[in-house]
Structures are given as C-alpha cells and as structure tokens.
Amino acid sequence: MITGKTVQSRKTQALLLLLSPITILLGAFFLIPLGIMVVYSFLEPGLYGGVEWTWYPYNYGRIIGWPLNDYETFEPIYLSIFLSSLKIASLTVIFSLLICYPAAFWVSRMSERRKSFVLFLITLPFFANLLVRIYAWLLLLRPTGFINMALQSIGLVAQPLDMLFSSFAVIVGMVYIFTPFMFLPIYANVEKLDYSLVRASQDLGATPLQTFLRVILPLTLPGIAGGSIIVFIPALGNFIVPSFLGGSKVQMTGNLIERSFLQSRDWPFGAALALLIMASVVLVVMFQVVRSSRAQARGAA
Amino acid sequence: MKRMLTRLAGVASILLLTTQMASADGKLSLYNWGDYINPELIDAFSKEYKVDVTLDTYSTNEEMLARIQAGASGYDLVWPSVHMHDIMQKLGLLQAAHPNQMPGWENIDKAALRSHEDPQGDYCLPYAWGAVGILYNKKLIPDLKSWRQFFDYAKANPGKVTMLDDLRETLGVGLIMTGSSVNSRNPEEIEKAEAFIMQQKPNIGAFRYDVIPLVTSGDIAAGHYYVGGVLNVLQNPDLLGFVIPEEGATMYQEDVCLLEGAPNSENAELFMQFLMRPENAAKNSERLTNGVVNTAAVSLLPDNLKTNPSINPSPEVRAKLQIFEDLGKDLRVYTRAWDRIKTN
Amino acid sequence: MNRILSSFKIFPSVFNIYGFLFLAFLYMPLALIVLYSFNANPINIAVWTGFTFDWYRTIFGGAAVETTFDSAFSESPQRIFEVVKNSFLVAVSAATIATVIGTATAIALARYKFFGKRFYQTLLLLPILIPDIVLGIALLVFFVGVGFELGLLTIIIGHVTFLSSYVFVVVSARLAGMDTTLEQASADLGAGPFTTFRRVTLPQIMPGVVGGFLLAFIISLDDVVITYFIAGVGSQTLPLFILAMMRRGLRPQITALAVLILVFSFVVATVGLLLRNRKS
Amino acid sequence: MGFLQIASAHKAYQTPEGTLVRALDDITINVRSNEFLTLLGPSGCGKTTLLKTIAGFEDLDGGDLILEGRSLKAVPAHRRPFNTVFQNYALFPHMNVSQNIAYGLDVAGVKKAERDRRVGEALEMVGLAGYGGRKPSQLSGGQQQRVALARSLVLKPRVLLLDEPLSALDRKMRETMQIELKNLQNSVGITFIFVTHDQEEALAMSDRIAVLSHGKVQQLGSPNDVYDTPANEFVANFVGTSNLFSGRIVENDAARGLVTIETANGRRLIASGRDFANGSAVKMVLRPEHLRLVDTGEFEGAGTLEGQVKDVIFVGSVIHVHVDVGFGRTAIVHHHHDRAGIRNAIEAGANVRIAYSPSSAHLIAAERG
C-alpha cells in the first residue's frame, strides 16, 4: 500500500541493486576482455605489436599443427613446453601435498591456543613480498648459497650441487610460494576429521595402513582435491618463478605468453597460448565440479 | 569497524587527489631502462627547474614499445635503442624535438647519429652507447679475451656461464661466431647461429640479466653482459673484469626521444638541453660507464673511465661492433629460433 | 594410521620435529632476507661484507654512514616513496571497492533465490581460478582495444576484478554461518531493509568483511603479474619496482624495504587475527 | 468479519528434488481479536509457512490477508503491526538485552527517554529487571525466551506470532512458560498466533486450535471441540491418542440416540449418535481414558469389548494396557491403578473385558478411498 509492491518485487529490486555492481564489473572487465582475447587469437599479428583485422587461424596451427599457411609452421616445441608445464605444475602439487598433509595433522592435534599461534606462524611468511621470497630461494640454492655451504660443511657433498636454474629450483620455488594454498584447505578438512572413526576402524581390526587408506584418506580427500586445484592452476600459468629460478632455461607456457606480448610482439599467438592454458584450467575445474557433485548426489541418495 | 573502512576510503580518495594535483604543474615523465640514468641528475634537474620528475623503467625495447602502443600516453621522454627509435619514428610515435637546434648540440658526437630515420638529429638526442661483452670473475678465469675462451670454459665447467635472456643479443653472438651479420635476414644463416647456440646450451647455466651478483659471488664465472658492468669492475678491479671479445660483439645505442602527445614537451626539451651540458653528461657516464656521445664531456671524466678499453675502445675494436637494425617481419624467424633454443 | 595416531601420544616428538622442519622451510628464506638487509656490501647482496643499518637509513632519506655508500647504487627516497605510495593507493582503493562489491554479491547470493544463481557462483570463482597471466593479458588487450589509458586507474580496476571474488568467498563463508532469522527478526521489529543491513547483518558479518578487506589489501599490495601487464605512466607499484630491479640483481636497499613491508604485513595480519579471535 | 482474515491462502514451492509441495492449500481462518489461536500440526503441514506469510517474510501465491478490512499483501514485513517470537529467539548477539528490546522502538524513532522507560517496563513484565546489560549468550534458554517476548511486546503489536517458541526448552521450563504465556496474553490483550506441533501445549493454552495437515485446515475449534469431537481421522490421531474402529451402521435407535456398528469381522459396538443413516461407513473414536477394564457383568448398557492383554506399561499416574481385541486390532486403555479389584488380572496373557460409555464414543464419517 505504501508503495504497492509485494515482498517478491521488493526482493527483486534489492537483488538488482546488489548484483548490478558485480555484473557490470565482471561483464566489462572480465568476460569482455576474455572475449576480446578469443577474438585476437584468430587475428593476424601486427608487425610491431597489436593485431591486423584479418582472419588468421594459423596461430593455433603453430601450436597444434593445423591449420597452417606459408608463414606459420607447426612447431612441436610449443606442445612440449605445455606438457612440461603440466609436469612441473603436477610435481608442484605432489610435493606441496606431501609437505602439507602431515603438517596439517601436526597442527590439528594442538591445543586451541597453540593452534592459532602456529597457524598464524604458517600464514605469516606469505605476507612478505612474493618476489623477494622468490629471490631468497635464488640466494639459498645457488652454488655458494646457504644450502650448499651447509651440505659441504657436514661433508654430505664434495662439490656444490647445481640446484639453481633447473626444474628442481622452479618446483622448490613454486612449492614454497603455494604452500598456504595447499595447507589451508587440507587443514580445514583434517581439523574436522572425527577421530572416533579412526578408533572405530582400529577397533574393527584394520591395520594402520588400511585405516589410513580406507578411512582417513577418503575423509580428507575433499581438502586434498581443493588444495591441489588451487595450487595446480596458478602453477600452470606461472612465469615469474621459472624466469628467476629456472634461469630462463626452464620454459613454461607462461614465459612464452609473456614473451609473445612483451618481446616478440605476437599478441595473437600469446592469446592463443593463453586460451590453451585457460582451456586446460576449465577442464580441471569441470572435472572437479562433476566429481564433487557426483559425490553430493551419492551423499543425498 | 565501519568507521575504519570509511576512513580508509577517505585516505584513498585524498591520495588520489594529491596525485592528480601534482600533475597540474611543472611535471616531467621519463620512461627509461632500469639503472640507465644517474639519479643525481634527476634531482638536480628537479631542483633547478622546479619540475616534478617521475621515472618509470622497462627492461626491453619491446616491453616499452608494447606499453607505449598500449596507450601509456602520459610519458614525455623515452630511451629507445637505435633500431627501436627507427621503428617508433616510422610508427609515428615520436615527435621532432629538434635537439639539433638546441644549445649544446655542438657537443654531440655526430658519429652517434646512427638512426636511419633521423640522420640529422631532428627527432632524438643520442644518449649513450656501449658494447655487449663478457663480465667475468678473475679468480675463476684470470684472463678472458674471446667468445671462444668463454665457450671453452663453459665446456669444461658446465653451468658456470650465463648469456643474456634476449633473443637478438644471444642469437647475435651465434651469428658473430658463425661469421654472419647480426642483422641477417637469411634463414640459413640464422639456422646456423641457432645450431651454434644450441651446441653451447648444455654448458650455459642460464639466460638472464642479473649476472653481476652471481659473477661477484663466484656462483657464475662469466656472463654475457653490457658494458655498464664496468662500474662494478672499477669498484672491484681485483675480482672482476669486462672484455669486448676479439671475435666482435654487438653494440647498442640509445637515443632520448620525445613522444608524440607528450604532456610536458617544454620540460622535456629543457631536460634534453640539461643532458647535453658536458658536466652532466660526464656525471651520467661515470654512473653508466657507457660510451660517451658528448665530446666535451670526455675531458671531464676520471682517467680510469677515459682510458678504459671497454668504454672507449680503439678504432679496430669499434670496427668489430655491430648495431641492431629493425628486421620487420623477419623478426619472427629469430623468435622461432629463440623459442627452440630455450625449449630443447 | 592408528600407529601414527598413537605416535602422537607415545612419540609426539616425531610430529614435532616434522613441524619444526616445516616451519624452518617456511622461515629460512625470510631469515635470509632479514639477514641480508643488514649486509654492508653495496653492490651485491649475495656477498657478506659486514653489518650495517645504512639501507634502512637511506630508505628514509638519511645518509649512509658505515658503508662505502654511493648514491648511484640506491634509489632516491622520493622514488621509493612514490612507488610505495602508488602501491598503497592501489591496494587501499582496490580493496575498499572490492570489499563493497564482494560483500553485496555475497549477500545477494546467500539471501536471495533467483534464476542464474549457479551461473554467478561459477562466474565469481573464475577470476580466482584462471591463471593471473591470462587475466593480465586479457585486461591489457581490453584496455588497449577500447583506448583506456593505462595507469593507476586501470591497475585499480584490474585488481578490483579479481579481488571482489576473494572478498565474496570470505564474506560468503561468514554469511553461511549467520542465523537468517536475525534479519527476519529485525524486519519483524519494524526495521526496513537498509536499517536491517546496517544494524544487524553488517555487524554480524563484520569479521568476514574486515577479513576480506585485509586479504584483498595484501593480495593487491603483492600482485605483480596482473599489474605488470596493465601498469602505465607513473603507476609503477612496489612489486613492479622490485621486479625491474631483480632483473639486474637485488639491491640491499630493496631487502631492507622488503623487511619493512614484512613488518607492516605482520602488524596487519596480527590485527586481523586478533579481530577474528575477539569476534569468534 | 474477523479481526484478521486469512482468505483462501495458497502457496506452493518446489523442493530441490523437483516435486511441488502445496504448503498452503486454500486456507481460510478468521482470527478473532484478542484470542489465543494455535496452529497445530506435524512438521511440513504448512503451519510455519502460514506464520511466515502472516509476518510478511514470504508472499502468498494466491488468496489474501486482511487486517480489519485492509489487505496486507503489499505491506512489507517491517510495516506490518505484527511481531514474531522466533523458534530460536533470534536475539541479536551483538547487542545486550536492553538494546535488543529497544531495537524496534529505536528503529521506529522513539525518543531515548521514552524508549528507556518502555524497555524497563518490558523487562519488568517478563521478570528480567536488572538483566538489561547482559548479552544474550549469558542468559539461559528460558531467559532468552523472555527477552524475545519482551522485545516483541514492547512494540504493542496487533498480533503476536509465536513460532514454536517453547520447543527448545526442557519439559519443566516449558510447562512454566505455558502458564506464563497464557497469563501474559490475558493481561496484554493482544491476539496471539502460536505455532506448535505439540498437541498438549495447544490444548493447554489455546482459545482456539486450527489443526493443519498437508496445507489444509483439518479442524478449527476450541480445545474441547478438537479433542472430544475430532472432525476426521487425522485430527483424532494427531490430537491425543485414539482407538479407532471402522464399521458400518447396522442399527439406529433414534429414541435412545444409540447406533450399533458392525465391524468387518462381525463384532458389534454401540455408540451414541444420530447423524448417521443405516449402512453408512463410519469410524468410531474411543479415547483410552474413556475405556475401563471391568469384571464380567459390570456396567449394564455400556459398550463392551473382550480381549487379551498384550503389554502392560507403567507410566506413573496410569497404566497403559494394550489389549488385543481380535480382528487385528489393539485397544489402548489408560487404567488407573487405584482400582485394586482388577489389578491382579492385568498381566500379559490375561483375558479382560473393556467397557465404555456409549456417549464417550465419537463417530466420524469414514473417508472415501
């Protein structure tokens, strides 16, 4: 009567008000840019950067072998770089998982006071500047660095190990910077773990390994899956870590993209590579969505 | 809590206002390579002309070009290498500042007018030049003279040398070693250069720019580097050395150019004149340890710079230095070769 | 695992040693940076030549006393001040805007049923999930394409784009834990939607909002990849400044600056933690 | 015309599984001024939905809500002169007791002095004077309940809506609060609409009860009506315990007002009743407390049933005796154990006789289908 509107129409009004900022934001500065990038990937590179507005699907030909023209030849190296990026990202996930999983159990068994203090300690390093943290690993891993000095002084190695400028260094650096992304989801899951289930399994005669594989692991799997995805995705597209710790000898697709845009002035090719990464990310995310919704459906049934 | 957010928003808007206010009066925006100007000069210029100078930096010509093309139109002066100077002039990104009509032009070495597009210096002011050679650690390699020695050392000590992460510089070394021009457009020659670098690659520790700390600490014995590294050599002459290899080397030269649509072109022109003053040119060279383009400044330099064979090479050595030219579409051949080198 | 579990009791030291190593892994690089920020070697932070406070002093415009300091090796305090100011300006503005947008979105998705909700839920996760290099170049291509001048404004817009999603996630978690009948009660007692939001919903989700703001602030302050692509004139931020410097080897001054920022972040994080503990 | 009319209210919604649920299916109730009306029903019957639409938290799909002749359909929750006491009380955790109670007044723009006075009165009324400075989390469940009441009543609403407000309390507390609520309603003279699934609570407090099931009003009447003369089998079963026997009317003694029912297996039972013609299918409702275990021959003229004791459950004040009366039926008898004469007979396996007064038997028409 005051305005002649029902509860529903009032709600609709409020909803519009609440949703319009994000809609405008993501529409204008996320979806449209991604769309433009898709368009660019099908255009001819301009001689000095930018694009020529000519239909040019050959950027993809260069990567996957089809279609091709006189100027673009199939270079299997781009796929092999992509595969090695997948490998490095996967190894990063595996190592950070191996490091964080036991740590999550360690923290989850603490008293409340100690727990929040240790969690604080674990999160704190990640407030330091990312680049400086990466640089610190360069200092640690180099032949005259702290780790080599320590190894030599305890007589473990005679010659300094060549750790810097290798896939190893890249993986160490990425594991380091992504540790909280792996740790927090796993920890959130481990903390909720009901230990009476572990005792029940024990009581029902399961061996420690069986208990771990059949009770603890399945119950903490959502955290593992979440953490793995959150680490895998930025690791796949990373170019900062390989360019510093890989000595530019370890190539990841991210480096190629950066170079296409800022060095070799081939924007469409860079856009095509970026879409390749995007596509693999979407695949991984969809896989996880399907998996978890199936798990939910199973839970509901 | 809400009050805290409001206050933060307030602070943000005030900051935004002050940045905009600062741009209202006496401003100059420079877009230069990192570490490529003596900061004291900027301070001195600011004080003398009451101009607020901002300096942003880039790492490659292409990065700078990309950003200028991307609409970073607020800069006044840029420092492109000569071939990029040509490209930018062709693309209409520069405007003629006529440094050749400014006081102090008489000090400029006319041999430094290397641009094809700008032979008279109507557009840009030559800034500095230098060779790209090898910086090495004398404790590990007492005496280094040539690329041959460099690669032999690498063969004996894999991983102990670095080359620049720059496709033209590093392929350029390959071209020099296989006897071609660094501006070759011949795919076969480029292929040979690629093969040469590929052959060396297992022994090369990394492709990177930050070699000074690594060479100083001995993590790396020698690194492909710019003549600017001589600054460190002079501070640490017993430990470090810099050499222009016998086989020849690439050289670079940067010019100072006024951008089309520069918001503060008058201050930019003042800055060009300021740079041409011999005492300023000398002060800058001390810091950059680059080749001097200001003949009047040479006499003001300290002796160790004046006589340094890397900074001021003999005519025979100069003859072996090659400068990059714009390759147009053929750059793609280099890009492919470089992608393959870095991957395989 | 029951053996592992009992090992908590019988051999707690096994896990504690592991935990100690884990923390050592996290802190070793930081300790190194702190150490090197006191290294007197002006050229090369990797070679230790002595102890000095000079780098901290020069950040604030003081003169070096102990080292053979040459001003040529340091950035001017004004320059450092400028990039730090840019960084904070971007971080404060972007985090503030993202907090408003992210919170509004979280409320819309938590409190309303509407067609396309799933679409929004997925869409909102995308900016977090796609690699930042993809977002960075997409924004670059977009800003150039529409003729947007690159600068602080484009950086702020770019940051808001992905920070809103982070705030959304944090605030949504808080909203999910909030009793919806409180809002009904408020309406029931005569409060309009806005009053209800201001006096009931907002105080309830405030820890989430502040947490989201702080997270967004820290991420923005540290972002290098997206900023790298969309920065323009006079808009160099601290991470870009450090990136440019790292290409030539890190300066001791920068390590000192990094330590100062770490201390600052430490304070912010501590405040955030205290707030969270007080509220829950 | 009633004070508040709920006029053929309709509301349906989709479950996540995709089935359509009719939460309100043509509900019409005329709520009287100053009455204590209870909406009683099992969970999912639509009572909470009805309460929410009255409060204005949800829209009606169809029908109307009319307060003194004025439709409320377009009036948002915060403008309706109704207040709600929530099941979980919904006290604002970030405000203390006084601030909680003052909230509605504050929002309405009542001046501070007036506000303080009324908050003080409200605290006094619910017996919590001196608790104003406490946070809700520092109060017991019963105290929180009183705060929630005070918070609503301080606004002097036309109608107070109570959504299962006693369900979170323990049994003792609940009984105390039932009395207090009833007294409060009498003294403030406000219409209470009370939602519960607890039939004892409904019977104890209400002026009228609306029994709801599947979105429909099954019966609307006083507690006595609902209990003594349930309108259908659902009400009979939901309100109190019932023994139900279905059958057909075979004799109709109009003079004595008695009918005889024959069950499917031929057993004959008598009941008082006039409204049914011979041959009509009916159900006979017998409350357990109206059944007595008797010695043979006692109580001429009463209805009787014979059977065998299956279980004897001692619940304190009475003994619940489950008697197998044949044809697959069990009758429940609430037996008062002071009747020593037959106490010995009550053990599992004993043959017993059950008697009832025909007037205590209530007949309802058997539902079709």
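Letters A, B, C and D mark the chains as written, and numbering starts fresh at 1 in each.
The criterion applied here is as follows: contacts are C-beta pairs under 8 Å (C-beta built on N, C-alpha and C of every residue); 3 or more make two chains touch, one makes a residue touch a chain.
In UniProt terms the chains read A, C = ABC transporter permease; B = Putrescine-binding periplasmic protein; D = Spermidine/putrescine import ATP-binding protein PotA.
Note that the structure is a prediction, hence the values are computed from the model and not measured.
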| item | value |
| --- | --- |
| Contacts common to chain A and chain B (chain labels) | C |
| Least hop count linking chain B to chain D through chains in contact | 2 |
| Of A-C and C-D, pair with higher C-beta contact tally | A-C |
| Chain whose average C-alpha position is farthest from chain A's own | D |
| Whole-Å separation of chain centres (CA-atom averages), chain A against chain D | 58 |
| Rounded Å distance, chain A centre to chain C centre (Cα mean) | 17 |
| Distance between the centres, which are taken as Cα means, of chain C and chain B, whole angstrom | 33 |
| Interface hub residues of chain A, defined as touching at least two other chains | 10, 50, 142, 144, 261 |
| Multi-chain contact residues (two or more partners), chain D | 56-57, 76-77, 79 |
| In chain C, residues with contacts to at least two other chains | 45-46, 140, 144, 193, 246, 250 |
| Chain C-facing residues of chain D, complex | 55-57, 76-79, 82-84, 86-88, 90-94, 103-104, 107-108, 151-152, 155 |
| Residues of chain A defined as touching chain C within the complex | 10-11, 14-15, 17-19, 21-22, 25-26, 29-34, 36-37, 40, 50, 99, 102-103, 105-107, 109, 116, 118, 120-125, 127-133, 135-137, 139-140, 142, 144, 146, 176, 179, 195, 198-199, 201-202, 206, 208-209, 211-212, 215-216, 229, 233-234, 236-240, 244, 254, 257-258, 261, 267, 270-271, 274, 277-278, 281, 285 |
| Chain B - residues contacting chain A, complex | 60, 62-63, 65-66, 69, 87, 91, 159, 162, 165, 167, 201, 204-208, 214, 217-219, 328-329, 331-332, 335-336, 338-340, 342-344 |
| Chain A-facing residues of chain C, complex | 1-5, 8, 15-16, 18-19, 22-23, 25-30, 32-33, 36, 45-46, 100-102, 104-105, 107-108, 112, 114, 120, 123-127, 129-135, 137-142, 144-145, 157-158, 160-161, 164, 168, 193, 218, 222, 224-225, 229, 238-239, 242-243, 246, 250, 254-255, 258, 261-262, 265-266, 268-270, 273, 277 |
| Contact footprint of chain C on chain B as seen in their complex | 1-2, 4-5, 8-9, 11-12, 15-16, 19, 29, 31, 34-35, 38-40, 42-43, 54-59, 67, 69-75, 208-214, 216-217, 219, 231-232, 235-236, 286-287 |
